[in-house]
Structure formats: C-alpha cells, structure tokens
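One chain, chain A, links the two complexes that follow: it is found with chain B in the first and with chain C in the second.
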Partner chain A sequence: MKNKIYLSIIITFLIFCFVIFYNGLNNPNIYTPKINKKKNIPIFEAKDFSSGANIRSGKIFEKNTFYVVNIWASWCVPCREEHELLMKLSRNKNIKLIGLNYKDNFNNAKKFLNELGNPYSQILIDKNGLLSIEFGAYGVPETFVVNKKKTIIKKFIGPINEEILSQIEKIIK
Partner chain B sequence: MRFFKIFLLIFLFTNVTSANVEIENNNLKSKILKNIRCLVCQGQSVYDSESEFSDSIKLLVKKQIVEGKSEEQIYEFLRDKYGDWIIYDPKLNKNTYILWLLPLLLFLLGGAIMINKLKFKK
Partner chain C sequence: MLVSQIGYYSLILGLIFSLILSVFSIKDLNSFNRKIDQNIFTFSLLQLTFVVVSFLCLIFSFVKSDFSNETVFNNSHTTKPLFYKISGTWGNHEGSLLLWLLVLTLFIFLFIIKSSNQPKKYRILTLLFQQIIIIGFFLFVLVTSNPFNYLFPIPNEGLGLNPILQDPVLAIHPPILYLGYVGSSIIFSSVLASVTQNYISSEWAKHIKKWVLISWIFLSVGIMLGSIWAYYELGWGGFWFWDPVENVSLMPWFTLTALLHCILVLERRQLLTSWVVILCIASFMLSMCGTFLVRSGILNSVHTFANDPARGIFILVFLFILIFLSLGIFFIFHKENYKDEKKFFLLSKETTILLNNWFMMYFLSVVLIGTIYPIFLDVMSTDKISVGPPFYHKLIVPFLIPFLIFMVFGSKLKWIKSEVNNKNLLVIFFIISIILSFFITKNFVRDLFLYPILIGVSLFLFFTTVVEFFNKKNVLSQTIAHFGFSLLILSILLNSILSSEIITNMRVGEKYYYDKGVIFFKKIEEKQESNFNSIVGHFKISDKRGNITNLEPELRVYNQPTIITSEADIKTTLLKDNFLVMNLVKGNEYFNIRYQVKPLMLWIWISILLISIGGMISFFKEKNEK
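Entry: the complex of A and B
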C-alpha cells in the first residue's frame, strides 16, 4: 500500500515535470520584446542637432502633446525606407516628431535630411547609443509613441510601414 | 630633498591606488558584461558580442561603474529597460519559482526515497 502511494507520487511528479518542460519547449527561445509595456519617458540631457546646445528631456516633452520618437541614422538602410512615411506623419498636426540621430556622422546625417526632407520638429544627437538605451531601444530604426501624460505607450521595432502608420494615427486621434 | 621624497611617495601611492581601482573596475565590468545577454544576437553575451547594441551596453556599464553604481543597481537599471531576459542569472520571482525550487524538490524527494529504502532494508 505504502509503495503504491510512493509510486503514484513519483509518477505525478514526473508528469508535472514533463508538462512543465514540454510547455517550455513550445515557447520560442528567441527574445520577443514587450512592445506594449507602458513606461515613463526617461529623464536625460542631450545635444540638439541644429543648435548643438544641451537640452533636458523636461524641456523637450511637454504635457498634453503626443510625441513620436524615432531613432534613425544616415547609414541605416531601413531608415531610408521608412523616411517617406515619417514625412507623411509629420504633416499630422496632433503630434510632434522627435528624432534621435543614432551613432551617426553629423555631415552624413545632414546630407540625409537634405536629400529626403526633415520630418522632425527636433532632433537629438545620440553619439554613443546611451540615449537609445534610456528608451530601451535595440537599434535602428525604432519608433516610440509618447502620450499626453509623457508615457511611452507603444514601441515599434524596425522600420514603420503603412499599417504601423495607421496604428499611430489611430492612437493619436 | 626631504620634501621631494615625500612628494615622490605621495605620487607613487596615488598612482598605485588609482591603478588598483582601475583593475577592480575592469574586473567588475567583465563580470557584469558576461552576465548580460546580447538581445540582438543569438546565444551571445554582451561581453562576447560586437554588435552596436552590445557596444552601447559596454559603454553604459563602464559609465555606471565609474559613477559608483553597484553590480545589482546596474542589473536593476537594465531589467527596468529590457526586462528580466537581459540578465543570464535569473532573479527569484513568480516566473522563476519553479526554476529555482525544482532542483531542491528533486533533491528532497530523492533523499526521502533513499531514507525510506534504507529503513525498509533495516
């Protein structure tokens, strides 16, 4: 009788372990970032692209305004692809588009904007990538939507497309 | 002459101390970087990776060490930005209870079976 109890405990335990590991095997082992996690915008100080002056985040992000923060670089090919859509987005008067120029050469970045247009109301220089880390970014391009309460409500990893653009427009309506 | 000797001693002492601090900081930096997962590479730590992301993390860790932040404070900062996945050594929380407690449970179960068997033999 006692042996039967032990045996059933062991079998139950093994089934439990099997279920856990089987479920674990079904989970993807590639990292999938949480793109809908709400976070406050980081507090930072960055150099302004046009004036070269240091600006604090408190002065950049005002309450009651929607912001789209886009990380870009002139050397990044997908950034070139999404640029036309950013130009389109910049025509929307409900938002302000902030650009983070990621690990870029200043002259190349300027050439890039002269060639394709400047959709940003303000550009900040992220010379060593530390500012992007403050935003929890992985690389370029990456886009964050900041709501009127200065909270990051959505992030898009990779270049934006028409579908993402309509999602952003829906959020800021 | 005496003044010069004292000056030389102070100079050497401060140099040795700053060299020691630098070695300590470098060791801590390597330790932390080996425990951070490169999120844009497959199966590589930030220490091993040369991606843009890893380069920025390396710089950040160095900066935070110089600022006097502890190992745990640096991990906490990265967890806040990227989640638990970025650290190789998982923290005990509701998602990792099984991971931490399963080996202990197995050990206890094995021990109970062994004791039971020994008692049975006697």
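Entry: the complex of A and C
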C-alpha cells in the first residue's frame, strides 16, 4: 500500500517533469528579457565620481526631470561602441544623463572619459556592483529611462544604437 | 563517398545484430544450459566490430576532409592540423553520439566476457537491458542524427571546427567523460538484472564495484579536464562557473561517489540494498538527463551543437521510457532484506557513510534545483532567471563542515561496531587545525566565522589522513582519496581567498604600477599558423621582491570560421599561477589586460588526480579491503 502511494507520487512528478521539458524544448532559448514592470528607482547613497563625496539618491534625482541612467565601465568593450551615441544624447536639453561606473578602476575610468568625452551630467561610483543590482541590471552596458515621477519606465540591455536612441527621445517628448 | 556508405551500412548492421542478440538472449534465458550460448559472445563482438568500423569510417572521412559528408563539411576544414581533424570527429553532435554508441557496445562486450563467475541469468539479463539502451541509441543516431548524410554537389571547403574546441585538452575531454557516463549504463543494466533475480548481495557488490570504480574514475578525470580547459581557454580566470553543463556532469559524480561508498557497505553486510539500487539507477538517469539537457539545446552553451527539437524530443521520450522501466522493475521485483537490519550501530563506519550519503544527496539536490529550476520557471511563467555561483556557495559551503568532520571519523571507525581510538590525538589535531587556520585567514578574510572553521576542518582531515599514511593498517586507496579530497577543498578555499586580480587598459610600451609591482607591456608580435593568425603580447611583470615573470598572451584570429579568441598565458608554479589575458579594445591602440595571481591552482588538479588514483588503487587491488 505504502509503495503504491510512493509510486503514484513519483509517476505524477515524472509526468509533470516530462511535460515541462517537452514544452521547454519548443521555447526559443535566446535570452530576450521583457521589462514591463514599472519600478521606482532605488533609494541609495553613492560616491560621486568627480568630488568623491557621498550623495543621497534624493538629491540626485529631482522631480519633473527625465533621467537616463547608463551603467558603464572602462573595461567594457561595448560601452565604447555606445559612447558616441551617449555623447549625442547628452546634447538633448530635456534630460539628464547619469552614469553609473560599474566595478571599475578610477584611473582607467578617467582615462576613458578623457579620451572619448564625458556625456554624463553626474557620475556615481558603483565599486562593488551592488547599486547596479538594485537598479535591476543584468550586466554592462545597460541603460534605464527614469520619468518625471522617479519611476524606471524603460530598460535597454546591451549597448544602445540609433534605434534605441530615437526611442528614448520619443519617450521624453 | 564510399567510406560514408560503409560507415552508414555498418551502423545498420550493428543495429540488426543488436536485435539478433536480444532474440538469442531471450532464448538462452529459458534454456537449461549452464553456460551462455556461444553465439551471444559472437554477436556481441560483431555488434562492437560494426560500430568500430562505422566510427573509423567517420574518422577517415574527417582525416581525408571528405566534404561530401555533411558532418565533415559542417565541422572540418582542409587547413586544420591532423590532430584536430581527428578530434573533430567527436567535437560535434553526430560524431559524439557515435562515440557514445561505441563505448556502450565496448563496455557490454567487456562485461559479458569478464563476468564469467556470475550467475548466467543475471549476465544475460544485464546484456538484455543494455541492448535496450543500445538499440535506443542506434535509432537515435540513424533517425535524427546520421553522421553519414550526403551533400551534393560536393563543397570545396568545410565550415571549420569552432576554434575554442581546437584544443588538446578538449580533444580528449569528451571520450574520457563518456567513458564515465556510459560506464554508469552498465551499472544501471546490471542493477536492474540483479533486482529481477533478487541477487543484490555481497557477491554482486564485489563484482559491480569494479564497474562503479571505472565509471567514477573516468568521470572524475573527465570533469577535471573540462575544468582545466575552461580555466585557460575561456579566459575568465576561474575553473568552475556552476554553468548548467558543468553541473550536469557533477550530478552523476555525486551519486556515483555515494554509490561507491554504499557498495563498500553492501560488500560486507546485507544493508542499504534499496539505497544502492536507487543510486545505481539515478547515476545513469542523471547521465542521460545530462545528455538530454546538453544535446537538446534546452540550455545554451558551448556544448550545444544543434538546435533540432526532434532530437531533444527523442532523447526526452527515451529517457522517460528508461525511467519508467527502472521504476517498474524496482517496485515489482525489489524485496528489502531485513535480516541484517538490527545490527546498525551508531558508532560505526556504516553510519558515517550513510550520513555522508545524505549530505551528498543534499549537494545533489542543490545542484539539481539550481540547474533545472530556471527551465521550469521559464516554461511555467515565462520569467527568465539565471542561478549563479552565490546560490551554490551559500547552500553548499556551510554544509562542507559537518561533511568533512564525518569524513575524519568515518575513516577512523571500524565496520559494524566501533569505538573512537586515540581520542586525545584527534582533539589535539582539531585544536591545532582551527588555530592554524585562524592565523592563515585572519589577514585576508573579513568573515571570521565560516572560512576559518571550514579551513580548520579541512586541515583536520588533511592531518588525520597524513597520519593515516604511517598507520600500517590503513586502506591505501581510501587514505589517498580522502587526502586528495582534503587537499582539494583546502586548495579551492585558499585559492578563492588569496586570489588577486588587476584589470586595466594598456598600450604597447606602457607601464602600469600597482601596489605589489609593475606590469610592463613590452611589445606585440605577429605570428602565423595554418589554422590561425595571432598577435602575441609580451609582458614583463616584476613584483617588489624582484621576481620577474614574462607572460605572452595571444589573440588568435581563426580563419575557418573567422572567430577571434584570446589565449591566456599562464605560468604555473607549485605555489601559484600567474594568469594574463589580453583583449582588443575596438578601434583603439589600447588592449584590455587582465592579470591574475591565483595561488595553489596546480594543487586543485593534483588533488583531483590523487582522488582518482585512490580509485585506481582500489580497482587494481585483487583482495578486498578489510
């Protein structure tokens, strides 16, 4: 009797596994996350890149301004690719571009900006990567659009391109 | 052209002989002859021969770069060195399955000729169960992944082998790992046969122990080779990433290790029989499950060669047929033997083995959940998650402490009933280990609880096994394997605590100063090989003590297919590895440099070898351990 119960439990479980795997096979396995959840920006305190002072998030993000938060690092090759577009984006007066310097060496980061230009109105240091995790980042580079109510409304994984740039500009209008 | 034909038809002949073999085995099962029908040996040999011929044909096609064969066209190129042409044979989906089939037929042939002292019915039933697996794989190869498909018109050039697979270690990694995986198929067939015959006994344990050891040794070495490859080829500077594909090879290793210890118990006493049966079945099922996860494309990794859902569905259905078959046999035929049950004393080797088995099962479930759960979640909720190292570390590392302590006591205790001898010595060792580890770690770790204790208990095991070497009554295989294990844990822990890393961008001629020394980027050179061009960077690293290390990492541009890979340069010494890898920064004269000092890397590999050597000693020892 006891055996029969075991057996039926095991068989049910196995059939369940089979169905899951069977469906899993037909799913595309290329990683394409959809971010539809609107999320408020995290409350945090971080070191400022230029002054070295600790700043609270409340002071960085003001209401009634659009922000674009870009996570970058000097060692990240795709960050170089997208940098030119960020420079272009920074000329847009309606937004403020915040840089999140992810797990980087300060001197290298400085060199990187000297070489390619600084598009950011403010840069925060994320030495151990925790802040980026709180933002919900998957890796570098990543770009978040924050609306006037301090809510993250859009997130782009990987380097931005012309298409994404025009999307961002559309959102802001 | 002709060779492919021969290969294809030998496969079909192989399948036909498997069917004939099955029919003869069923006939022989009911005959009254004491001995196995001579025809069975002949057919088994013929089956093996045809698979070997087929495999040789595929190798020949690869060597000759016969691009009329689709598999060769997809995975080879005329400019490849001969060595990689040959290893390319199993560096792809079709070829690797043919290799799998080859090992299956080879092992059952060896089993049938080596098991003459076993009961006839048991041998024939094992052969029959193995034929089910073999026929399944024959059909899989012939129906969904035929390695001998034609191409017409014949292309002039092949597509080439994925450059990261063009590597000497990786050339032998798949065959070794397969010997481990497929070895467990014999254990599986054998346990099903002995359950139906009610033959789970100490005689059976003595006989199957050799097969468990074979597959365990090959699996250990195979995992190590894969890990060495990932260490220097992928250039991430780590050796274990908890990647699903790595996990998949680790899971059968857990069950095999547990099984190996339970078999030792069963060899002496009629205990843990159900447990042994379950472990035998689980080992092979996990190997199959690994093949399914890796080959079906349900996971994305370097091992995924093709994403043809038909293949995945075939293995999936086959896997579940085998699972249900084994479940059915287990529930219908298995009878627990209770006669020895009452003599299970708390303080005995059996108890510690059982306890460590539970820990092993716990580790297994952590890894299993971490690997499978993302797939489940994806299907059920379309949420994508990936489970990373912190999950495994948090769940596994703390439980290593009791695990290691039980290992110390387990090897001290005797079978059936025992007492702890030399209590004082053990206590002294324990205290010394903890103090020593505190001094080792206090300068490096902030967490003054977990690491010192963990290093302490590994040192404890280390010391006690070292002392064991001088004990005349020691069991050499066990002592070496356990010594290797303590060394492994110690090296991994110290490696993770003491590793240091520098990442920076540098130009040729530049010097980079860091707190312990200078990195000097001397020059770059260009080099040409038949299958790639490369840029070699010359670096000189001098530390404050005046030690100078020259490192020459490479950037390789493979021609077929065109892929850039970066080859780390690693200088290995007894105490530490210096690891340097460089990457091109696009459109710039800067190179991204990653320099790592990784202590005790060599010892990680040595300790895994020691563990395997322990297994080998046990394998070659004629008399049983006392």
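Convention: the second predicted complex is superposed on the first by the 143 of 173 C-alpha atoms of A that agree within 3 Å, B and C clash if a C-alpha of one lies under 4 Å from a C-alpha of the other, contacts with A are read in each partner's own complex, and residues count from 1 in each chain.
By our rule, a contact is a pair of C-beta atoms (placed from the backbone, for glycine too) under 8 Å apart; a residue touches a chain by one contact, two chains touch by 3 or more.
This is a predicted model, so every value here is computed, not measured.
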Residues of chain A touched, compared between chain B and chain C (which is higher):
C
Based on the superposed arrangement, let me know which partner A:W75 touches: chain B (first), chain C (second), both, or neither?
second
Applying the touch criterion given at the start, work out whether A:G136 contacts chain B, chain C, both or neither, answering first, second, both or neither.
first
Does chain B (first) or chain C (second) touch A:N128, or do both, or does neither?
first
Taking the superposition as given, does A:F18 touch the first partner, chain B, the second, chain C, both, or neither?
second
What residues on chain A does chain C touch that chain B touches too?
6, 10, 20, 30-31, 33
Which of the residues in chain B end up touching chain A in this complex?
37, 39-40, 42, 51-53, 55-57, 59-60, 63, 81-83, 85, 98, 102, 109, 113, 116
Which stretch or stretches of chain C touch chain A in the complex?
292, 296-300, 307, 309, 312-313, 316, 320, 323-324, 327, 331, 375-376, 378-380, 384, 503-505, 583, 585-588, 592
So in the complex, the part of chain A that touches chain B is made up of which residues?
6, 10, 13, 17, 20, 30-31, 33-34, 103, 128-130, 132-134, 136, 138-139
So in the complex, which bits of chain A are touching chain C?
3, 6-7, 10-11, 14, 18, 20-27, 29-31, 33, 74-75, 77, 80-81, 105, 108, 111-112
